[in-house]
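Structures are listed in the sections that come next.
After this come two complexes, each holding subunit A, first together with subunit B and then together with subunit C.
Let's turn to the complex of A and B:
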């Protein structure tokens, strides 16, 4: 497989079937050194399965994976030495201390004892767990466990950190804090792959995202790229104005894709370009009264909702056609 | 689909399967030793052992000086109502082995630590073998201390040290006991791989143990009855063969041959085998060893077979909880 130095994860037609049903279907994905890549998708879309195949913890039914220069099927140990993984529900040995848990991992990872102690202290301090380092993990809250999980990932100073739904179960503030930590890793040159369905979070920290649906990566790119691909018009205006026939007039403005009227005088305008000025001018020209005008950028939530809405519509259309036939 | 999966597993993988083995062994042993479970077990075993050794020592005290194998009698003499030390062991060793093994893999699933551990640079081989060895070493330590206790009690109550042959025979008996415990350990571990609920795997292990400890002789008789054609001798031969499928039978016969040096043959004894033999005279140690070699091999083979089976099933399991 040809990978240049900047590609840390590359898959070619990666496929995984359970009982003949593809759960990951011909996945072609590249993740580049130093970026934060987000895997997005509804439940059961194959995110975890994909991640497990990256680590050689599940065998692909077909296709190839190359991660940090190795094939996880043939050289899983080399891969696992260089890649840190935090499972979606991270668990520790409850009856031993946080430090002892980390020590066990470090020994398995082949890190020298002295080095382990040093790294453990640094990491536990950094993740604000140093005060509870010698408490049994059984007493830890969800957030503490999650942070301990991150400490474990960082303990082996990985080239790539793979985090499966790192913020599930965290309260909003803790999640925000956790994401800040993750984003901080990027500064240390660690490539990060994370999966999530909390879109605004992904949007906040990911350089690129891949949208998964039924085992396929249906969209890939930066949030802006996804936005223009799915929603077409990348601009969304919300206008409050009174006047006659405004809807018709606005629709005629070049660049406007769609106008919807809510209630008496609130319009939602979708446009391919920034049409704020033109809309304002048009309303005034038509003798209307402009009360307010707001533009919002599309969030990943909109893209996600829109994409799966379209997909559902498509499925319904297919179903309807079949019933007709 | 099945075939293809198989081919993939057969693909050559790099790196030693034993990477991380000793880390796992040390961690698991520390868990066993520090755990309340092991302490209860050791307490139970010590109590019964001391009780039975003490009462058999009192019973055989008069024979000191006459019997050359007086220390071995400590192991085998039963004094009403207490069974002998070896019968206690035949019962307690499977209990201990099952207790150490029944939740070894499924507890890692339930604690959700398995995927975390296996994402470290080790193979599943190391985890499974490490857990097996750790439990086995823990049992070894327990058995060795028991052995020392028996010898110590012999010194105290009977006033004589064991002879060289007695030491040899009892140590080989110790090794055989380990092999026997290995079977129950790996059976329990097999169930811990198959069943997600530790209670289920414990129950399944005890069911198998009960089958062999209690019901096997009945089953043996029933099955042998089906081969009625061979006459009395044929029937007994069939009965013996079937009964030897049970590890309990094998272990029982090993015990007999090692700790009762007078044992000249195991199972059916034909008259021809006894010709030229002085009845009641002990068999030399090496011949006793020869006598139990097939049994010992059988126990070992069973352990290896079950380990392989456990390994294959574990290897094909999805690691996600």
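Let's turn to the complex of A and C:
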């Protein structure tokens, strides 16, 4: 398989079937060094199975996977040394302290005793667990357990950290805090691959995302690229303005994809680029009066919903044509 | 094991030591485990003492060793046998398998902790007999007894790996767990010699490493065995241990392959 130095995860037609039903279907994916890549999609879309194949914990039915230069099935220990993994339901020895859990993980990873103590203290401090380091993990909240899970991942200083549904079960504040910690890892040169069904939550920290549905990666790219591809415009403007013939004038502005008029004065504009300045200038030039102008960027939820709306419409069209024929 | 490089051997020994410590810290307060390795053998020892109290000192040490062996076997069957399943329930199995250490090494550490902890049953039986019932007890051949005990621990640890892997591979076998406890007490001569059993059961006893452990421990404690027959029992135990390690390597390969194909690693 061709991989360059910058590619840390590469798959070619990766497939996994259970009883001949594909749960991951011909996945072609490249994740590059130092980026945060999100595998996003609803439950049952094949995200966890994909991750388990990356780690060699599930065997592909077809295709190839290469992670940090190794085949996880042929060289599992090499992959396990370089890749940290936090499962969706991260487990600990609840009767033991957080520090003892981390020490055990370090021992399994073959880290020397002195280095273990240093890394354990650093990580407990960094992840704000130092005050509870000597408390039993059984007393921890879900958020604390997730942070301890992240500490376990980071303990072996991995090249790649794979986090399966890391914010599930966390309250919004704890989720944002956890995502902030993940984003902070990017600065340390760690490639992060995370999966989530909470699209809106993780979009802020992902450099690129792959949207999964029924085992297929249906879309891949930055949020702006996906927005442009699916919705037609990466930027969504809501403008309130009075004046004559404004809809036609705005439509002529380069970058504007679609203009819809709601009521008398409210315009909804989709654009490929940030056209706020041009729209404001055009309204003034046309003698209109600008009352308000708001821009929102499309969320992944919008993109996902729109994509499947279009896919469903297309399927219905095909079905209708077939019936006519 | 011969193919393991010194670096890995050191690393694996450290993992075994850490797993031993972790397991011991968890199990030392576990009510079920305390019952299985301390109270149940104690009850068995008391019943046996009442039955055999007129037979003399050599029978009493037989009871102490035998009830200790029941604790060892119960620990092996219920605690070591469930070792991997418990990791799955706790949600730690995925992390263990994702660690760059073979899972068998972890299981050895867990079994070692369980087996050594269950030796406590022998100590408790000894205290009961000596201090509560007031029998004078002595080990006839202490060095042979000590070596027998060490080899017993090794063979039980290795036997535990086979049991754990069989229980994982086939949950139906695990359902026989309760049914396997008492027949092994009897077949292995923990509390009375197998000569009292029908002849057709003897080959079954020979296939079980606890039988050879009981034979070596009873003979060295009572002073009824020669060095030749005790060392033969050691040889059989060590031979079985090598066989168990060899088989377990293959069984774990099958288990992990099955878990990878069926994606059953994290089911809990």
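One rule holds for everything that comes next: the second predicted complex is superposed on the first by the 247 of 325 C-alpha atoms of A that agree within 3 Å, B and C clash if a C-alpha of one lies under 4 Å from a C-alpha of the other, contacts with A are read in each partner's own complex, and residues count from 1 in each chain.
The working rule: a residue touches a chain if its C-beta (ideal position, glycine included) is under 8 Å from a C-beta of that chain, and two chains touch if they have at least 3 such contacts.
This structure is a prediction, so every number in the text was calculated from the model and none was measured.
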Next item on the list: Label the relationship between subunit B and subunit C on subunit A in the superposed model as either fit or clash.
Entry: clash
Next item on the list: Look at A:57 in the shared chain and tell me whether it touches subunit B only, subunit C only, both, or neither; answer first, second, both or neither.
Entry: both
Margin query: Once chain A of both complexes is superposed, is A:17 in touch with subunit B (first), subunit C (second), both, or neither?
Written below: first
Checklist line | Which superposed partner A:80 touches (first subunit B, second subunit C, both, neither) | finding: both
Check: In the superposed arrangement, which partner chain does A:32 touch: subunit B (first), subunit C (second), both, or neither?
Finding: neither
Next item on the list: Quick one: classify A:152 as touching subunit B (first), subunit C (second), both or neither.
Entry: both
Next item on the list: Report for A:308: first if it touches subunit B alone, second if subunit C alone, otherwise both or neither.
Entry: neither
Notebook entry, point to check: When the two structures are overlaid on chain A, which partner does A:105 contact: first (subunit B), second (subunit C), both, or neither?
Noted result: both
Notebook entry, point to check: For subunit A, which residues lie in the overlap of the subunit B contacts and the subunit C contacts?
Noted result: 52, 55, 57-59, 73, 77, 80-81, 85, 87, 89-94, 104-105, 107-110, 152
Checklist line | Interface residues, subunit A side, partner subunit C - complex | finding: 18, 49, 52, 55-59, 73, 77, 80-81, 85, 87, 89-96, 100, 103-105, 107-110, 152
Next item on the list: Give every residue of subunit B touching subunit A within the complex, in rising order.
Entry: 1, 4-5, 8-9, 11-15, 19-20, 23-24, 27, 111-113, 115-123, 318-321
Note to self: Under the stated contact criterion, what part of subunit A meets subunit B in this complex?
What the structure shows: 17, 20, 48, 52, 55, 57-59, 61, 73-78, 80-81, 83-85, 87, 89-94, 104-105, 107-110, 149, 152
Next item on the list: Please give the residue numbers of subunit C that touch subunit A in the complex, ascending.
Entry: 11, 14-15, 18-19, 22, 25-26, 29, 90-101, 106, 257, 259-263, 265-266, 268
